[in-house]
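Presented sequentially are two complexes of chain A, the first with chain B as partner and the second with chain C.
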Partner chain A sequence: MGETMTDELRVAVDRRGASGAVLYTKGYINNVGGEEIANRAYELMDDGVRTLLLNLRETKIVNSIGISILIEIIEKMIDKGGKIGFCSLTPVIHKTFQIMGLANYASIYTDEENAAKELDM
Partner chain B sequence: MTATAERQMELTLPMVPDIEIAAARAAGNLARELGMASESIDEMAHAMIEACINAREHSGSEDRRIYVRINGTSLGEGNSRIDIWITDHGKGFNVTEARSRRQTLGAAHKRGWGLQIIEAHMDEVSINTTADGTTIHMVKLGKRSE
Partner chain C sequence: MPHVHRFADFVHELQQLEKASLATQGPSILDAFARHTRFDSGALYLRDTRGSGLRLAAKSLTCVAPEILDPNVRAEDAVLPSPAVVVALQSHRESVGVLALSTQAIDDSMEDDVAFVRTAAAFLSTLLTNQRLMQETREGDFQLKYRLWELESLYDIGLSIASTLNVDELADEILFRMISLTNARRAALYLREDGGFKLYRSFGDVREGFLEAELTEQLIREGKPLTFDGAAACLFPSCETFVAVPIRTGNNDQVIGVLAAADRETREGGIGAFEENELRLLSLFGNQVAIALENARLHRDALEKQVMERELELAATIQRDILPKAIPQIDGVEIAALSRPARQVGGDYHAFFVREGVITALVADVAGKSMPAALLVSALHAVLQLLFAEGREIGEIATELNRHIHNWSAENKFVTMVMVSIDREHETLQYVNAGHNPAYLISGGNIDTIKSHGLPIGILSGTRYVTQTRAFPAGSAVVLYSDGITEAEDMDGNEFDNPRLEALLQQNIDCGAAVIRDQIAQAVDAFVDEAPQKDDETLVIVRRA
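So, the complex of A and B:
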């Protein structure tokens, strides 16, 4: 519960070659935060990224609206023949992803090193 | 088991964006006073967030207020119990329909998962909903953090 009510989600991007990227999130993934992640993800997809890793190490709170937007990102990436992974989730966020079925359609990794290895980034 | 050291808190919150964080933080502070483990507090916080969002987004209440009551109890031997009531004066909802939603990729409706998340993160959940409003009562049982 480190975020404040006025904190907006911040997203940083690290490109990994021509077709890979890591998105780092910091803050609350609500509707606004989810849309911010989606905008960045869609820009990357338009630029040829087909392997996308979301590192949620600095996100401690999510809500169901934010997760529904993450699921939309997964759908679009699958439509493009790509893949999405998530890493560094808190236990509660991991559990919430499983409840909403996100874990059925995207891989979840303990940390970025493991994810990068498995996703061949 | 004897219940002691009861703590109570009541909040009336406006239905504005991100107000759910204030409710979750209040409950988290009370739970920390009782020594509840951080993962249990996080689960409770996520459930409260969903309950407040449901009230804000779906209740249709005219007063645009969320009424929160939090009751913390030490049960002895490092155990604690947090009772939370979240009330709105909206139009109520169909609990059976809300519980039946399931996520599939490509589904037209991806939202409406709040109740499932609440029930998964809390130990007990009961809902009283009528045309005059809804109260969701949630219970989190916790052991003292190591």
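So, the complex of A and C:
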């Protein structure tokens, strides 16, 4: 039987104190999805967040435009003196991040618990 | 403030702008010039990174300036009020922009200010060029990494051939990677079914069902990716651009599926056509997918075969366990038996019952093969054990057995059976032959047949079987067998047949039961030669001393 998967991205935010937040994504990180993440991330940065964890547990696909937007978010956070981490990546996305250089500027963690501990959230 | 200090402050401010993106720094640059010089209005044009034209990056409120600066029109003529100074922002490589500035406070000391602006503009040109080079380097680095990632994706799909043998998991991975590789918004995987290509997995809004016959034929005929722009009636509702790639196996050049993707995203946020390099990549990807899918299919077939073989093995075990482990030892009676199951388990069965000195031997053949036949043999065995234990005579046993088998077994399931009871005291042989091959009775130097006198067991519920009786004096023998013996085939498909069996019996008419059994077995083996055994072979011989 044919099986259909959705292409929409949903984002949820969980604030962790005054300067921390976890951003949960569900769906495809493409141009539209990447912009959605960027908007939320920039709002959080403007609101004083300097440690941002992106939990990609429910994201299975990311394309090159989505990656370039994620790089912009990382650069912006570094400019502000903050840090960004990613957790719960699929093996394919993990490898993609490593090849595309995201792993050089942001930490990648196996799960949220581990990430929260390491990022002191 | 001395000029040198003014200039140092100005340069410092411009340097701070270096981190801002090209798109947002225009107003800040113009503002810096307004604050550090006497030119308080004007326009700034910067070279568009996506094209070759000069695009308006900033202008003061009082200034009128076109969005794009026509290369054939001077900035002095295009910008209003007419600027007092126009500076081309130029690096050694190319023009990076144009700065046009005006002021209402024109006096004799303007020359110094113009020189100041020109020097600052030269510095700005270097700054912008550096920024542009850095951006190009970063984009080049990104593109390089992206190509590496494409190659890695192809390589990974190759690895999946060895690791992902589940078609469902493989389908997900294929879709995800294809979408990532092409920057498509939607994608679908179609696999061959009922002569067409049916939607198997999709991402995003995709029409259910089969690919259009026309598109299918075109893909098979051309064997390469096909692209469409503005494909309103395509399988992705309301898509703007669309690509379809055949999944073609290498060994017999068969198209086993189709990969399709729609609406390729562009960096500018719109939808673009699928480009030539993406089509080449998709072709390569399609080849890898073909191997992966074929591998998964072969694995699935192997698993199914494994399950079937396990079933056969289980069926063989069931059958082996219910066949007699030993032959009854009775004074004055020699019994020999042979049971050779075929590789594909059939339904041959034989048994012995001894009641008050009367030995009963039977051979039965259940219709069908494999597990269903083995289960029916098992039921037959159980019912026979109960009926014989009740002390019934064999005609009655056959009648009762028929009723049970007819009621319990599935439609079209039946059993042929021949059953003989040898009573040494009365020197008789009683028998029931329910649709089975004729048995042979050897007595007084003659060979006679014991033919069927009733329907096979399980055909009609009300069938009654009446016990038949023959004389069975000392020295007599009875030969029961299944059709696996007489229908054993040689390499040319000829059957061993009854005349050969009868000739063998004639040659060994005075021999013991074991000798007759061995002679028949050897003759069948020699006849069959290298041909595979197609059916169970069962032989039971009972001889009175």
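The working rule: the second predicted complex is superposed on the first by the 115 of 121 C-alpha atoms of A that agree within 3 Å, B and C clash if a C-alpha of one lies under 4 Å from a C-alpha of the other, contacts with A are read in each partner's own complex, and residues count from 1 in each chain.
Rule of thumb we're sticking to: a contact is a pair of C-beta atoms (placed from the backbone, for glycine too) under 8 Å apart; a residue touches a chain by one contact, two chains touch by 3 or more.
Just so you know, these numbers come straight off a predicted model, no measurement behind them.
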Chain C versus chain B on the shared chain A, clash or fit after superposition: clash
Chain B versus chain C as contact partner of A:13, first or second or both or neither: neither
Partner chain in contact with A:95 - chain B first, chain C second, else both or neither: both
First, second, both or neither for A:30, with chain B first and chain C second: both
Contacts of A:105 with chain B and chain C, given as first, second, both or neither: first
Chain B versus chain C as contact partner of A:78, first or second or both or neither: first
Partner chain in contact with A:64 - chain B first, chain C second, else both or neither: both
Intersection of the chain A residues that touch chain B with those that touch chain C: 3-6, 28, 30, 60-65, 68, 71, 92, 95-96, 99-101
List of chain B residues in touch with chain A within their complex: 17-22, 24-25, 28, 39, 41-43, 45-46, 49-50, 53, 102-106, 110-114, 116-117, 120-121
Of chain A, residues touching chain B in the complex: 1, 3-6, 28, 30, 32, 60-65, 67-68, 71-72, 74-75, 78, 90-92, 95-96, 99-102, 105
Footprint of chain C on chain A - complex, ascending: 2-7, 28, 30-31, 35, 60-65, 68, 71, 79, 92, 95-96, 99-101
Residues on chain C engaged by chain A in the complex (per definition of touch): 19, 141-142, 145-146, 148-149, 152, 156, 171-173, 175-177, 179-180, 183-186, 198-206, 208, 265-267, 269
